[in-house]
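Following are the structures in question.
Shared between the two complexes below is chain A, which has chain B as its partner in the first and chain C in the second.
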Partner chain A sequence: MSFFRINAVPNRTTALALSWSLFVAGTALYFWTSHQRHVENPEDRVVPSLSQMVKGMSDAALKPDEADEQEAGAENAPLWQRVHSSMLWKDTLASGKRFLWGLGLLFPAAIIGMHMALFPYVGTVFLRFILFFDKIIALSVLPILFIAFGIDELSKIMLIVIGVTPTVILDAFNLTKGVPPEQIVKGFTLGAGDFTVAYMVVLRQIWPRVLNSIRLNLKPVALFLFSGEMIASTDGLAYRIALLRRNLSMDVIIPYVLWVALLLFLVDFGMRLLNKRLHPWFREA
Partner chain B sequence: MAVALRLLLSLVLVTGLTLPAFAQKPSFTVGWSVYVGWNPYYYMAKSGILRKWADKYGIAIKAQRFDYAASIDAFVAGNVDACVMTNMEALDLPAASGIDTTAVIVGDYSNGNDVVFARNGATFKTLAGKRVLLVQKTVSEYLFERGMVLNGMESQLKQVKLVNTSDSDIVTAYMSDASATGVVTWKPLASQVAKMKGVTSLFSSSQVPGEILDLAVVRTDVLNRADGSGQKFAKALTGAWYETMAQMSGPNADKVLTVVAEAGQDTLASYKEQLATTKLFYKPAEALEMTRSAGLKEKMALVRQFCFKHGLLGKNVASPDDVAIRYADGTVQGKKERVRLRFETSYMQLAGEGKL
Partner chain C sequence: MLSGVNLTIEAGEFVCVVGQTGCGKSTLLRVVLGCEQPTAGRILVEGREVGHPGRDRGYVPQKYSLFPDRTVLENITFGPLMEGAKLWSPLLPEYWRKRRESRATAMKYIDRMGLRPDDACKYPDELSGGMQQRVAIAQALIMNPKILLMDEAFSALDPGTRTDMQRLLRRVWRDTGTTVMFVTHNIAEAIFLSTRVVVIGKDNGAEASRVVAEIEIPEYKRLDSGYLCEEEMARVIREIEDAAMGGRIEQEFAEFGG
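And then the complex of A and B:
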């Protein structure tokens, strides 16, 4: 069987078919289950049918949020306006803002990591503490976070920061340590100062890998964001999912989850593209 | 392959050896979660009362502890045959998902267990524009709305900013965030909130007695199983429940209650404090009176309007009548052909007559 041959070369059509086969199988299994459950109970909400999900999602994306039905409400408003006042749009906006804040704060973290690896005094101050801090399960100290940062936006962003930055810092630290010391020495002999070496020699070459490391941490960022929103909030994608869960509205939850997956994929794809553009010489995935 | 086969074989042998008794007996699962009115299930299972009653009817019953939301999910998905929940959740979760649900035991009602608090002297009249922490779309929000309505502030409901807050963190969230004016929660969490400085209780479920009921519900299809085992299950469960109730109010009450409190990692004193604000129906007669009263219909009418208004009955439901409720006297609230929640008194009746 060519499945277990290292030297096998699948042709284009086979490769295409095989790469989609699990998607097809998963989707088929889902709709089969959904069908079975609907035969038994036509009002089943746990495994909604396609038409239920389409309706649920179009309501979410096109109808005004229940909180302010009186203000928008118009069925015949232009499409953009309807999307604009929909709960999906508002939730995405609210979550997106927090997500970008969390993501943005990972960049300074990478810089800190580089400084720790390069400047011995900075390293001695931070390294041990960050190694310890990295092992703290942020979610288990939530009450402390609440007391320190309130329960508003700040605490949600801090949850992301506390959860993800240590990883990024340590990764940037390791990447910096991986830069050959000869290059640094060479920089000095060519007359560069400390910061020129740090920013022009070291940072330049670790940057694509740092971007990659941040990209690989998108999932933890989203995870902490969702935890934060599920604990206390008034809007956001995870807030909506938490509410809908009480109501077993899987017909909206499943499209919401797919929407979040799409957004994450797009951010990931965008960062990959950016990395390629900025550093065409960088070949690692 | 050979290894897999041997594994399979040993598995078959092991299950065959250890579970011969279950193989013939119909077995049932009841899901419960930690709450003052449901903790007795812990004692019921631990003390052997449940097994005794199951044996009497020739069936096997397992009591499985869940988180509250998960227990209802399991009930709706069909993984448990019976479950404990409030009247509101019975209506807006299983019943509204098309699962025909029968309430066989009306265990208690919240008589002050659920509380609306506010700080800095705020009242219902001044809550507009302020933030209130609660678990949205649950009895907490129901209680809050009832409080607003009864204080003549219905028109201001939309002006209050509700913050959906997980019950596991609601106390610390309220404690640490002074910008949150109000909080709605239940005991034992409410007892912790009550101890905070500058916090007063605005409203509690004792002002709307009988509107937040705690039920034991069984899937109607299980109850109507052709072999009659579902009926036996309901009988055994009801019998075990009222024996537990008798012990909890009997001469050795403190000893029993200590074990019951253990269910929620609670102390006897704290559990007793919760019991004080819970109208637990120790005797079947009290539960029957409540379930047969005309008041129940009025209270359920309020609850179903709330559920409908908040879209909890489902997207395609055009009126609350589409999720109809059948009462003990046979009257139906809503469309007769769409009965989804039933109040069944025959088991409690049998318990009261000592015929179980």
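And then the complex of A and C:
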């Protein structure tokens, strides 16, 4: 077996082993380092052990948020109730709401991109502006957003809008330009009007690719959301990570980071599955 | 560039446009289709001037002839459903009634085009090139266009499929009486299909192309197979080559079979 052979065809077992090898190596390296540090200092918090992280995460997920006034007997409440009043649940809910708002706004952005590419006058009005808008570094306008919209939800959502929508608009614009002109002409010869061609011919064809583009922008959406939450927020996953950093609570920070990665992975997976189900004709390149 | 093109196509005629590569035969078709605007002159369909692509002109291109996101049945019924449709039409019961009716009609076209009923649920990428073009012809014909415009519609097909498609198109044309304008670079195909071959070419030193010859192919001269006899075939080919100057139009005698 030669590792650097272009025509190599790894068998199933080898491929499975190789694809997990870095995860295994990373985890092993972490726990070895953690063990070494704990031998020197059993109270070490910088590289927490598995038991420290499990305890930290179970406190975050099953104990009532310390900010809330603890009700009597809360410790003995049913599991769902304990999860519902936990710090992790509240943070996930707060970040999730903002994330979904940001994600939701990307869909109209894609429609704008399609109109820009299809209708020359719309393109003339918007294209130059969007190209300029795309060059603005979203984080650089964060202070302006906080002044203009306050430090509430709107400024964080606006940060996502400024950061990601131009990319999605331009993506949809390019995808629409990529629809063969024969298809548009065909639509007209079959009796469709301008808007029916736009929505029944073009949009239907670009939609799975638009969903893919939005899916690929999940990380930037989360990135802008986290930036906003870390700088000015009173709840949310990023707010919590920033807060815990002050106490060097790596036993909660690491599970939180993994939790965020898992959530993003699930959204990505869900969108990929949805795309496949909704568009059986679509073959990914 | 085309100049001084004065072409009249009678109802029910099958006109093939041939010419050397780059002579402007596809441009002529695109102007008739309304995709390109002539700098001078007019295009009339049944006496009415046309500017943009519309439902009175059916179109079958060489590539991308079907909507990839729709099944065969949905491709064929697209036209009937789009007639006067608005974006909100699917919310109205009338749309669903029309959908049922057009599906029944589409199944007849599927049969007429030699496709199997179970092909109706397939997506275009599950069909061969020849099958896709059969669906594209059905999709255009279901609209009863005043003229069917076909741009190198069979050029991407293998020789065997191409011959099958030529026979099918001739049969459909005879059955429906649809007026057809067919652009091709293949003389044998043009002679087999058409009632008249229009040759586009350039005069010596000229920049613009024009119609240099119009050669009638009378039906009575055809054999039972639809082909011309060898002698007549040779005469028509010579005439087309002479008109196109230099005779560099691609000939595919192998496909013609004689």
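Here is the rule we go by: the second predicted complex is superposed on the first by the 280 of 285 C-alpha atoms of A that agree within 3 Å, B and C clash if a C-alpha of one lies under 4 Å from a C-alpha of the other, contacts with A are read in each partner's own complex, and residues count from 1 in each chain.
What we mean here is this: a contact is a pair of C-beta atoms (placed from the backbone, for glycine too) under 8 Å apart; a residue touches a chain by one contact, two chains touch by 3 or more.
For clarity, every value in this text was computed on a predicted model and none was experimentally measured.
A.B. asks: Per the contact definition in the header, classify A:234: touching chain B only (first), chain C only (second), both, or neither.
C.D. replies: First partner only.
A.B. asks: Contacts for A:183 in the overlay, against chain B (first) and chain C (second): which applies, first, second, both or neither?
C.D. replies: After superposition on chain A, A:183 lies in contact with chain C alone.
A.B. asks: Looking at A:95 after the superposition, I want to know if it touches chain B, chain C, both of them or none. Which is it: first, second, both, neither?
C.D. replies: Neither chain B nor chain C is touched by A:95.
A.B. asks: Report the partner of chain A that touches more of its residues: chain B or chain C.
C.D. replies: B
A.B. asks: Regarding the shared-chain residue A:34, is it in contact with chain B (first), chain C (second), both, or neither?
C.D. replies: After superposition on chain A, A:34 lies in contact with neither partner.
A.B. asks: Thinking of the overlay built on chain A, is A:275 touched by chain B (first), by chain C (second), by both, or by neither?
C.D. replies: A:275 sits against neither chain B nor chain C.
A.B. asks: Go through the superposed model and pick first if A:200 touches only chain B, second if only chain C, both, or neither.
C.D. replies: second
A.B. asks: Check the residue A:251 against both partner chains and state whether it touches chain B (first), chain C (second), both, or neither.
C.D. replies: A:251: touches chain B, not chain C.
A.B. asks: After superposition on the shared chain, which partner residues are touched by A:167: those of chain B (first), chain C (second), both, or neither?
C.D. replies: It touches nothing on chain B or chain C.
A.B. asks: Quick check on my understanding: which residues of chain A belong to both its chain B contact set and its chain C contact set?
C.D. replies: The answer is that chain A has no such residue.
A.B. asks: Would you pull the chain C residues touching chain A in the complex into a rising list?
C.D. replies: Touch list, chain C to chain A: 33-35, 52-55, 57-59, 61, 63-65, 67-70, 78-79, 82-87, 123-125, 139-140, 143, 145.
A.B. asks: For a test of understanding, state which residues of chain A touch chain B in their complex under the given definition.
C.D. replies: The contact residues of chain A facing chain B are 41-46, 55-56, 59, 66-67, 142-143, 146-147, 150-152, 230-234, 239, 242-243, 245-249, 251.
A.B. asks: Which chain A residues qualify as touching chain C in the complex?
C.D. replies: Chain A residues touching chain C: 180-183, 185-193, 195-196, 199-201, 204-205, 279-283.
A.B. asks: In the complex, go through chain B and note every residue touching chain A.
C.D. replies: Within the complex, chain B contacts chain A at residues 69, 73, 76-77, 92-93, 96-99, 133, 135-138, 158, 161-166, 168-170, 172-173, 175-177, 179-180, 310-312, 314-315.
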